[in-house]
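The following blocks contain the structures, represented as C-alpha coordinates.
Presented sequentially are two complexes of subunit A, the first with subunit B as partner and the second with subunit C.
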Partner chain A sequence: MSTLIIIDQSPYGSWAGREALDMTFSLAAFDQPAALLFVGPGVHWLCQGQNADNLGQKSVEKNLSAASMFGVEDILADAGSCARYNLAIEHLISGTTLVESIRDTIAGYNQVVFAG
Partner chain B sequence: MPDTLGYTFVITGAPWTTQAPQSALSVARAVLAAGHRIDRVFLYGEGVHLASSLASPPSDEHNWPHLWSAFLTEHEISAVACIASALRRGIVDPKEQARYELESSNLRSPFEIAGLGEWVEGNLKSDRVLYFHGAN
Partner chain C sequence: MTDTTLHITNKAPDHPRFRYCLSAFKEGDALILMEDAVLALTDQEQALPSTSYALSADAQARAVANRAPRQQLIDYNDFVQLTATYSRIINW
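Coming up: the complex of A and B.
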(Lines of atoms letter the chains of each structure in order from A and count residues from 1; the text may use other names and numbers.)
(Lines give C-alpha, C1' and ligand atoms only; values in the text may rest on other atoms or scores of the structure.)
Protein backbone atom coordinates (compact mmCIF):
# COMPACT_ATOMS: atom_id res chain seq x y z
CA MET A 1 0.00 0.00 0.00
CA SER A 2 1.82 3.15 -1.17
CA THR A 3 0.47 6.59 -0.34
CA LEU A 4 1.06 9.97 -1.96
CA ILE A 5 0.32 12.97 0.26
CA ILE A 6 -0.38 16.14 -1.72
CA ILE A 7 0.15 19.59 -0.23
CA ASP A 8 -1.27 22.42 -2.35
CA GLN A 9 -1.23 25.33 0.11
CA SER A 10 1.62 27.65 1.11
CA PRO A 11 3.20 26.98 4.51
CA TYR A 12 2.45 29.07 7.64
CA GLY A 13 -1.09 30.22 6.73
CA SER A 14 -2.76 27.12 8.14
CA TRP A 15 -1.89 24.02 10.12
CA ALA A 16 -3.37 21.68 7.52
CA GLY A 17 -0.05 21.23 5.73
CA ARG A 18 1.85 20.52 8.95
CA GLU A 19 -0.77 17.97 9.89
CA ALA A 20 -0.49 16.37 6.44
CA LEU A 21 3.25 16.15 7.03
CA ASP A 22 2.55 14.38 10.35
CA MET A 23 0.39 11.89 8.45
CA THR A 24 3.25 11.24 6.05
CA PHE A 25 5.76 10.72 8.86
CA SER A 26 3.30 8.46 10.63
CA LEU A 27 2.93 6.21 7.60
CA ALA A 28 6.71 6.03 7.30
CA ALA A 29 7.04 5.24 11.02
CA PHE A 30 4.76 2.24 10.49
CA ASP A 31 6.89 1.15 7.51
CA GLN A 32 4.26 2.10 4.96
CA PRO A 33 5.64 3.56 1.71
CA ALA A 34 4.83 7.26 1.60
CA ALA A 35 5.82 10.21 -0.57
CA LEU A 36 5.01 13.93 -0.66
CA LEU A 37 3.96 15.94 -3.71
CA PHE A 38 3.90 19.73 -3.56
CA VAL A 39 1.76 21.53 -6.13
CA GLY A 40 0.53 25.08 -6.75
CA PRO A 41 1.45 27.49 -3.92
CA GLY A 42 2.47 24.39 -1.93
CA VAL A 43 5.86 24.40 -3.67
CA HIS A 44 6.89 27.23 -1.31
CA TRP A 45 7.26 24.56 1.38
CA LEU A 46 10.45 23.55 -0.42
CA CYS A 47 12.25 26.92 -0.51
CA GLN A 48 15.69 27.00 1.03
CA GLY A 49 16.53 29.55 3.69
CA GLN A 50 13.10 29.98 5.26
CA ASN A 51 13.03 32.10 8.41
CA ALA A 52 9.76 31.78 10.28
CA ASP A 53 10.99 33.40 13.51
CA ASN A 54 9.15 36.65 12.85
CA LEU A 55 5.93 34.68 12.46
CA GLY A 56 6.45 32.92 15.76
CA GLN A 57 6.35 29.60 13.96
CA LYS A 58 8.86 26.83 13.41
CA SER A 59 10.36 26.62 9.94
CA VAL A 60 8.73 23.90 7.87
CA GLU A 61 12.04 23.52 6.04
CA LYS A 62 13.48 21.82 9.13
CA ASN A 63 10.48 19.47 9.34
CA LEU A 64 10.85 18.57 5.69
CA SER A 65 14.58 18.01 5.97
CA ALA A 66 13.78 15.22 8.43
CA ALA A 67 11.54 13.45 5.92
CA SER A 68 14.17 11.10 4.54
CA MET A 69 15.34 10.28 8.08
CA PHE A 70 11.77 9.25 8.93
CA GLY A 71 11.72 7.01 5.86
CA VAL A 72 9.62 9.15 3.51
CA GLU A 73 10.56 7.80 0.11
CA ASP A 74 10.28 10.85 -2.13
CA ILE A 75 9.77 14.59 -1.96
CA LEU A 76 8.25 15.61 -5.26
CA ALA A 77 7.43 19.03 -6.68
CA ASP A 78 5.31 19.83 -9.70
CA ALA A 79 7.68 21.36 -12.28
CA GLY A 80 4.98 23.60 -13.74
CA SER A 81 4.13 25.08 -10.34
CA CYS A 82 7.81 25.73 -9.62
CA ALA A 83 8.18 27.50 -12.97
CA ARG A 84 5.12 29.66 -12.21
CA TYR A 85 6.71 30.85 -8.96
CA ASN A 86 10.14 31.18 -10.58
CA LEU A 87 11.65 28.51 -8.36
CA ALA A 88 14.50 26.55 -9.90
CA ILE A 89 15.65 23.22 -8.47
CA GLU A 90 18.67 24.92 -6.87
CA HIS A 91 16.28 27.08 -4.80
CA LEU A 92 14.64 23.99 -3.34
CA ILE A 93 15.74 21.85 -0.40
CA SER A 94 18.08 19.05 -1.35
CA GLY A 95 16.48 15.76 -2.22
CA THR A 96 13.56 17.34 -4.07
CA THR A 97 12.62 15.73 -7.36
CA LEU A 98 10.71 17.70 -10.02
CA VAL A 99 7.88 15.87 -11.78
CA GLU A 100 6.48 16.89 -15.16
CA SER A 101 3.11 15.16 -14.93
CA ILE A 102 0.91 15.19 -11.84
CA ARG A 103 -1.34 12.60 -13.47
CA ASP A 104 1.46 10.13 -14.10
CA THR A 105 2.81 10.71 -10.59
CA ILE A 106 -0.54 10.03 -8.93
CA ALA A 107 -0.94 6.88 -11.03
CA GLY A 108 2.14 5.41 -9.36
CA TYR A 109 0.50 5.16 -5.91
CA ASN A 110 -2.25 3.00 -4.42
CA GLN A 111 -3.84 5.93 -2.67
CA VAL A 112 -3.66 9.72 -2.67
CA VAL A 113 -4.40 11.94 0.31
CA PHE A 114 -4.87 15.70 0.10
CA ALA A 115 -3.98 18.00 2.98
CA GLY A 116 -7.29 19.07 4.51
CA MET B 1 -14.11 -7.69 -4.62
CA PRO B 2 -16.23 -8.58 -1.58
CA ASP B 3 -19.90 -7.66 -1.57
CA THR B 4 -19.53 -5.90 1.76
CA LEU B 5 -16.91 -3.18 2.04
CA GLY B 6 -15.33 -1.78 5.20
CA TYR B 7 -14.87 1.98 5.36
CA THR B 8 -12.70 4.32 7.37
CA PHE B 9 -14.02 7.89 7.49
CA VAL B 10 -11.55 10.75 8.03
CA ILE B 11 -13.12 14.09 8.93
CA THR B 12 -10.85 17.15 8.88
CA GLY B 13 -13.44 19.92 8.65
CA ALA B 14 -14.94 21.42 11.82
CA PRO B 15 -18.69 21.61 12.43
CA TRP B 16 -20.22 25.04 11.75
CA THR B 17 -17.07 26.09 9.90
CA THR B 18 -17.48 23.50 7.15
CA GLN B 19 -20.10 21.07 5.92
CA ALA B 20 -17.68 18.16 6.34
CA PRO B 21 -19.29 16.56 9.45
CA GLN B 22 -22.76 16.90 7.91
CA SER B 23 -21.70 15.41 4.56
CA ALA B 24 -19.84 12.62 6.33
CA LEU B 25 -22.89 11.73 8.41
CA SER B 26 -25.09 11.53 5.31
CA VAL B 27 -22.58 9.29 3.57
CA ALA B 28 -22.15 7.17 6.71
CA ARG B 29 -25.89 6.53 6.88
CA ALA B 30 -25.94 5.63 3.18
CA VAL B 31 -22.97 3.28 3.58
CA LEU B 32 -24.73 1.33 6.35
CA ALA B 33 -28.05 1.39 4.49
CA ALA B 34 -26.30 -0.23 1.52
CA GLY B 35 -25.13 -3.08 3.76
CA HIS B 36 -21.51 -1.98 4.12
CA ARG B 37 -19.48 -1.54 7.30
CA ILE B 38 -17.78 1.43 8.93
CA ASP B 39 -14.61 0.27 10.66
CA ARG B 40 -13.69 3.57 12.24
CA VAL B 41 -14.27 7.32 12.15
CA PHE B 42 -11.04 9.29 12.55
CA LEU B 43 -11.13 13.00 13.39
CA TYR B 44 -8.09 14.96 12.31
CA GLY B 45 -7.08 18.62 12.24
CA GLU B 46 -10.07 20.93 12.70
CA GLY B 47 -12.33 17.88 12.56
CA VAL B 48 -11.61 17.16 16.24
CA HIS B 49 -14.11 19.86 17.23
CA LEU B 50 -16.78 17.31 16.34
CA ALA B 51 -15.80 15.46 19.52
CA SER B 52 -16.55 18.37 21.85
CA SER B 53 -19.14 17.71 24.54
CA LEU B 54 -19.46 21.45 25.14
CA ALA B 55 -20.77 22.60 21.76
CA SER B 56 -24.16 24.19 22.44
CA PRO B 57 -25.76 25.53 19.29
CA PRO B 58 -29.17 27.25 19.39
CA SER B 59 -31.96 24.71 19.85
CA ASP B 60 -33.29 25.20 16.32
CA GLU B 61 -29.93 24.21 14.76
CA HIS B 62 -28.50 20.74 14.33
CA ASN B 63 -26.02 19.72 17.00
CA TRP B 64 -23.46 17.85 14.90
CA PRO B 65 -21.37 16.46 17.80
CA HIS B 66 -24.57 15.12 19.40
CA LEU B 67 -25.92 13.67 16.12
CA TRP B 68 -22.59 12.01 15.37
CA SER B 69 -22.15 10.53 18.84
CA ALA B 70 -25.71 9.15 18.76
CA PHE B 71 -25.03 7.57 15.35
CA LEU B 72 -21.72 6.07 16.50
CA THR B 73 -23.25 4.68 19.69
CA GLU B 74 -26.28 3.22 17.93
CA HIS B 75 -24.12 1.38 15.40
CA GLU B 76 -21.22 0.60 17.78
CA ILE B 77 -18.66 2.27 15.52
CA SER B 78 -15.18 3.08 16.80
CA ALA B 79 -14.42 6.81 16.72
CA VAL B 80 -11.03 8.38 17.39
CA ALA B 81 -9.84 11.97 17.65
CA CYS B 82 -6.14 12.37 16.83
CA ILE B 83 -4.32 13.19 20.05
CA ALA B 84 -2.02 15.86 18.60
CA SER B 85 -4.86 17.62 16.75
CA ALA B 86 -7.14 17.38 19.78
CA LEU B 87 -4.72 18.67 22.40
CA ARG B 88 -3.81 21.68 20.24
CA ARG B 89 -7.47 22.59 19.96
CA GLY B 90 -8.57 21.95 23.51
CA ILE B 91 -10.35 18.63 23.08
CA VAL B 92 -9.28 16.64 26.12
CA ASP B 93 -10.24 13.40 27.86
CA PRO B 94 -9.84 12.85 31.63
CA LYS B 95 -6.47 11.13 31.15
CA GLU B 96 -4.98 14.06 29.21
CA GLN B 97 -6.61 16.48 31.64
CA ALA B 98 -4.68 14.84 34.46
CA ARG B 99 -1.46 14.62 32.45
CA TYR B 100 -1.47 18.33 31.54
CA GLU B 101 -3.16 19.48 34.75
CA LEU B 102 -6.01 21.14 32.86
CA GLU B 103 -9.17 22.58 34.40
CA SER B 104 -11.57 20.21 32.72
CA SER B 105 -12.11 17.59 30.06
CA ASN B 106 -14.65 17.74 27.25
CA LEU B 107 -14.33 14.66 25.06
CA ARG B 108 -17.78 13.47 24.05
CA SER B 109 -18.56 9.74 24.38
CA PRO B 110 -18.04 7.45 22.45
CA PHE B 111 -15.06 9.32 20.94
CA GLU B 112 -11.63 8.26 22.14
CA ILE B 113 -8.28 10.00 21.87
CA ALA B 114 -5.50 8.09 20.12
CA GLY B 115 -2.64 8.54 17.70
CA LEU B 116 -2.22 8.57 13.94
CA GLY B 117 -1.47 4.85 14.13
CA GLU B 118 -5.24 4.32 14.17
CA TRP B 119 -5.45 6.13 10.83
CA VAL B 120 -2.55 4.08 9.43
CA GLU B 121 -4.38 0.94 10.51
CA GLY B 122 -7.50 2.14 8.70
CA ASN B 123 -5.45 2.54 5.52
CA LEU B 124 -4.30 -1.05 5.82
CA LYS B 125 -7.48 -2.78 6.98
CA SER B 126 -10.39 -0.90 5.44
CA ASP B 127 -11.40 -1.43 1.82
CA ARG B 128 -12.04 2.31 1.42
CA VAL B 129 -10.82 5.43 3.22
CA LEU B 130 -13.01 8.49 2.66
CA TYR B 131 -11.87 12.03 3.46
CA PHE B 132 -14.20 14.87 4.38
CA HIS B 133 -12.26 18.13 4.22
CA GLY B 134 -13.39 21.67 4.77
CA ALA B 135 -13.02 24.04 1.85
CA ASN B 136 -9.78 25.97 1.96
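Coming up: the complex of A and C.
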Protein backbone atom coordinates (compact mmCIF):
# COMPACT_ATOMS: atom_id res chain seq x y z
CA MET A 1 0.00 0.00 0.00
CA SER A 2 2.08 2.95 -1.27
CA THR A 3 1.43 6.60 -0.43
CA LEU A 4 2.41 9.70 -2.39
CA ILE A 5 2.54 12.91 -0.35
CA ILE A 6 2.31 16.06 -2.53
CA ILE A 7 3.75 19.35 -1.24
CA ASP A 8 2.63 22.32 -3.34
CA GLN A 9 3.41 25.19 -0.99
CA SER A 10 6.71 27.02 -0.57
CA PRO A 11 8.83 26.12 2.47
CA TYR A 12 8.89 28.58 5.42
CA GLY A 13 5.61 30.22 4.34
CA SER A 14 3.43 27.84 6.37
CA TRP A 15 3.77 24.76 8.59
CA ALA A 16 1.69 22.50 6.34
CA GLY A 17 4.70 21.12 4.52
CA ARG A 18 6.66 20.30 7.66
CA GLU A 19 3.69 18.33 9.02
CA ALA A 20 3.45 16.43 5.73
CA LEU A 21 7.15 15.59 5.98
CA ASP A 22 6.67 14.25 9.52
CA MET A 23 3.78 12.12 8.27
CA THR A 24 5.91 10.81 5.40
CA PHE A 25 8.72 9.80 7.73
CA SER A 26 6.24 8.17 10.13
CA LEU A 27 4.80 6.09 7.30
CA ALA A 28 8.27 5.04 6.22
CA ALA A 29 9.27 4.24 9.80
CA PHE A 30 6.37 1.73 9.86
CA ASP A 31 7.56 0.20 6.57
CA GLN A 32 4.72 1.75 4.57
CA PRO A 33 6.19 2.69 1.16
CA ALA A 34 6.05 6.48 0.94
CA ALA A 35 7.22 9.00 -1.66
CA LEU A 36 7.23 12.79 -1.88
CA LEU A 37 6.21 14.86 -4.92
CA PHE A 38 6.95 18.62 -4.94
CA VAL A 39 4.93 20.80 -7.34
CA GLY A 40 4.43 24.51 -7.95
CA PRO A 41 6.17 26.75 -5.39
CA GLY A 42 6.73 23.53 -3.41
CA VAL A 43 9.76 22.65 -5.59
CA HIS A 44 11.70 25.19 -3.50
CA TRP A 45 11.79 22.62 -0.69
CA LEU A 46 14.44 20.89 -2.79
CA CYS A 47 16.76 23.87 -3.33
CA GLN A 48 20.34 23.52 -2.18
CA GLY A 49 21.76 26.34 -0.10
CA GLN A 50 18.69 27.27 1.92
CA ASN A 51 19.64 29.63 4.79
CA ALA A 52 16.75 30.14 7.20
CA ASP A 53 18.84 31.45 10.11
CA ASN A 54 17.48 34.97 9.74
CA LEU A 55 13.96 33.57 9.97
CA GLY A 56 14.87 31.67 13.12
CA GLN A 57 13.82 28.46 11.45
CA LYS A 58 15.64 25.19 10.84
CA SER A 59 16.41 24.59 7.17
CA VAL A 60 14.04 22.02 5.64
CA GLU A 61 16.94 20.96 3.43
CA LYS A 62 18.44 19.10 6.44
CA ASN A 63 15.14 17.32 7.23
CA LEU A 64 14.83 16.20 3.63
CA SER A 65 18.37 14.83 3.45
CA ALA A 66 17.28 12.36 6.17
CA ALA A 67 14.61 10.95 3.85
CA SER A 68 16.69 8.07 2.47
CA MET A 69 17.71 7.10 6.03
CA PHE A 70 13.99 6.81 6.84
CA GLY A 71 13.51 4.67 3.74
CA VAL A 72 11.50 7.23 1.82
CA GLU A 73 11.97 5.80 -1.64
CA ASP A 74 11.36 8.66 -4.05
CA ILE A 75 11.92 12.42 -3.84
CA LEU A 76 10.13 13.69 -6.97
CA ALA A 77 9.93 17.20 -8.44
CA ASP A 78 7.57 18.40 -11.16
CA ALA A 79 9.77 19.36 -14.13
CA GLY A 80 7.34 22.08 -15.32
CA SER A 81 7.39 23.84 -11.94
CA CYS A 82 11.19 23.65 -11.84
CA ALA A 83 11.38 25.24 -15.29
CA ARG A 84 8.98 27.99 -14.21
CA TYR A 85 11.17 28.91 -11.24
CA ASN A 86 14.39 28.58 -13.24
CA LEU A 87 15.58 25.59 -11.20
CA ALA A 88 17.85 23.09 -12.94
CA ILE A 89 18.59 19.62 -11.48
CA GLU A 90 21.97 20.89 -10.19
CA HIS A 91 20.14 23.45 -8.01
CA LEU A 92 18.28 20.64 -6.27
CA ILE A 93 19.40 18.33 -3.46
CA SER A 94 20.96 15.11 -4.68
CA GLY A 95 18.62 12.16 -5.09
CA THR A 96 15.82 14.31 -6.56
CA THR A 97 14.08 12.84 -9.61
CA LEU A 98 12.37 15.16 -12.11
CA VAL A 99 8.96 13.92 -13.32
CA GLU A 100 7.41 15.14 -16.56
CA SER A 101 3.78 14.19 -15.88
CA ILE A 102 2.02 14.61 -12.55
CA ARG A 103 -0.86 12.47 -13.86
CA ASP A 104 1.39 9.50 -14.67
CA THR A 105 3.30 9.86 -11.41
CA ILE A 106 0.10 9.85 -9.34
CA ALA A 107 -1.09 6.72 -11.16
CA GLY A 108 1.75 4.76 -9.54
CA TYR A 109 0.50 5.07 -5.95
CA ASN A 110 -2.40 3.59 -4.01
CA GLN A 111 -2.93 6.68 -1.88
CA VAL A 112 -2.30 10.35 -2.67
CA VAL A 113 -2.44 13.02 0.03
CA PHE A 114 -1.80 16.78 0.06
CA ALA A 115 -0.03 18.91 2.64
CA GLY A 116 -2.43 21.43 4.16
CA MET B 1 0.27 64.98 -5.60
CA THR B 2 -1.35 61.85 -6.98
CA ASP B 3 -1.37 59.00 -4.49
CA THR B 4 1.66 56.74 -4.78
CA THR B 5 1.12 53.34 -3.28
CA LEU B 6 3.44 50.84 -1.64
CA HIS B 7 2.12 47.36 -2.38
CA ILE B 8 3.23 44.62 0.04
CA THR B 9 2.46 40.93 -0.49
CA ASN B 10 3.43 37.59 1.05
CA LYS B 11 1.49 35.45 -1.43
CA ALA B 12 3.27 32.94 -3.68
CA PRO B 13 3.23 33.95 -7.36
CA ASP B 14 0.56 31.38 -8.25
CA HIS B 15 -1.83 32.69 -5.56
CA PRO B 16 -4.71 34.64 -7.17
CA ARG B 17 -4.16 37.62 -4.88
CA PHE B 18 -0.61 38.00 -6.21
CA ARG B 19 -2.07 38.77 -9.65
CA TYR B 20 -4.59 41.25 -8.23
CA CYS B 21 -1.69 43.04 -6.55
CA LEU B 22 0.21 43.39 -9.83
CA SER B 23 -2.90 44.50 -11.69
CA ALA B 24 -3.35 47.34 -9.18
CA PHE B 25 0.24 48.53 -9.62
CA LYS B 26 0.57 52.04 -11.19
CA GLU B 27 3.52 54.11 -12.41
CA GLY B 28 5.33 55.58 -9.37
CA ASP B 29 4.22 52.78 -7.03
CA ALA B 30 6.58 50.28 -5.39
CA LEU B 31 6.20 46.61 -4.49
CA ILE B 32 7.70 44.71 -1.55
CA LEU B 33 7.79 40.91 -1.79
CA MET B 34 8.02 39.05 1.51
CA GLU B 35 7.73 35.41 2.67
CA ASP B 36 6.48 33.20 -0.24
CA ALA B 37 6.15 36.19 -2.59
CA VAL B 38 9.97 36.32 -2.95
CA LEU B 39 9.63 33.32 -5.30
CA ALA B 40 8.48 35.83 -7.94
CA LEU B 41 12.13 36.91 -8.23
CA THR B 42 12.93 33.78 -10.26
CA ASP B 43 9.48 33.09 -11.67
CA GLN B 44 9.92 32.95 -15.46
CA GLU B 45 6.17 33.50 -16.02
CA GLN B 46 5.85 36.64 -13.90
CA ALA B 47 7.23 40.03 -15.01
CA LEU B 48 7.81 42.35 -12.06
CA PRO B 49 7.71 46.14 -12.03
CA SER B 50 11.16 47.76 -11.93
CA THR B 51 10.52 49.19 -8.45
CA SER B 52 10.12 45.77 -6.82
CA TYR B 53 12.01 44.75 -3.69
CA ALA B 54 12.27 41.46 -1.77
CA LEU B 55 13.14 40.77 1.87
CA SER B 56 16.57 39.14 1.81
CA ALA B 57 15.88 36.92 4.87
CA ASP B 58 12.97 35.27 3.03
CA ALA B 59 14.93 35.10 -0.22
CA GLN B 60 17.91 33.44 1.49
CA ALA B 61 15.67 30.88 3.23
CA ARG B 62 14.13 29.83 -0.08
CA ALA B 63 17.52 29.86 -1.82
CA VAL B 64 16.46 32.42 -4.43
CA ALA B 65 18.65 35.28 -3.12
CA ASN B 66 21.71 34.12 -5.01
CA ARG B 67 19.74 33.98 -8.25
CA ALA B 68 18.06 37.39 -7.93
CA PRO B 69 19.45 40.81 -8.96
CA ARG B 70 21.37 42.23 -5.99
CA GLN B 71 19.65 45.63 -5.86
CA GLN B 72 16.24 44.06 -5.41
CA LEU B 73 17.09 42.56 -1.99
CA ILE B 74 16.33 44.74 1.05
CA ASP B 75 16.57 44.27 4.82
CA TYR B 76 13.98 45.16 7.48
CA ASN B 77 15.37 48.72 7.90
CA ASP B 78 14.92 49.39 4.19
CA PHE B 79 11.41 47.95 4.54
CA VAL B 80 10.54 50.48 7.26
CA GLN B 81 12.13 53.27 5.22
CA LEU B 82 9.94 52.43 2.23
CA THR B 83 6.78 52.43 4.34
CA ALA B 84 7.62 56.02 5.31
CA THR B 85 8.08 57.05 1.69
CA TYR B 86 4.65 56.25 0.26
CA SER B 87 1.40 57.96 1.16
CA ARG B 88 -0.67 54.78 0.82
CA ILE B 89 0.15 51.15 1.72
CA ILE B 90 -1.81 48.06 0.65
CA ASN B 91 -1.07 44.65 2.17
CA TRP B 92 -2.15 41.99 -0.29
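Some observations on this one:
Operating definition for what follows: the second predicted complex is superposed on the first by the 116 of 116 C-alpha atoms of A that agree within 3 Å, B and C clash if a C-alpha of one lies under 4 Å from a C-alpha of the other, contacts with A are read in each partner's own complex, and residues count from 1 in each chain.
The working rule: a residue touches a chain if its C-beta (ideal position, glycine included) is under 8 Å from a C-beta of that chain, and two chains touch if they have at least 3 such contacts.
Just so it is clear, the structure is predicted and the values come from calculations on it, not from any experiment.
After overlaying the two complexes on the shared chain, residue contacts for A:S26 are found with subunit B alone; subunit C is out of touch. When both complexes are overlaid on chain A, the residue A:P41 reaches subunit C alone and has no touch with subunit B. In the overlay built on the shared chain, the residue A:V113 is in contact with subunit B alone; subunit C does not reach it.
Once the two structures are superposed, subunit B and subunit C can be ranked by residues of subunit A touched, with C on top.
In the superposition on chain A, contact is made by A:Q9 with both subunit B and subunit C.
Look at A:M69: by the touch rule set out above, it reaches neither subunit B nor subunit C.
Contact with neither subunit B nor subunit C is seen for A:A88 once the two complexes are overlaid on the shared chain. With both structures placed on the common chain, the touch criterion links A:Q50 to subunit C but leaves subunit B unconnected. The contact surfaces that subunit B and subunit C form on subunit A in the two complexes overlap at residues 9. Subunit A contributes residues 9-13, 40-41, 44, 47-52, 54-55, 57, 59, 83-87, 91 to its touches with subunit C in the complex. Remark: subunit C residues 10, 12-14, 35-36, 39, 42-45, 56-58, 60-64, 66-67 touch subunit A in the complex.
Those residues of subunit B that touch subunit A in the shared complex are 12-13, 44-47, 84-85, 88, 115-117, 119-120, 123-124, 129, 131, 133-134, 136.
By the touch criterion stated above, subunit A contacts subunit B in their complex at residues 1, 3, 9, 14-16, 19, 22-23, 26-27, 30, 32, 111, 113-114, 116.
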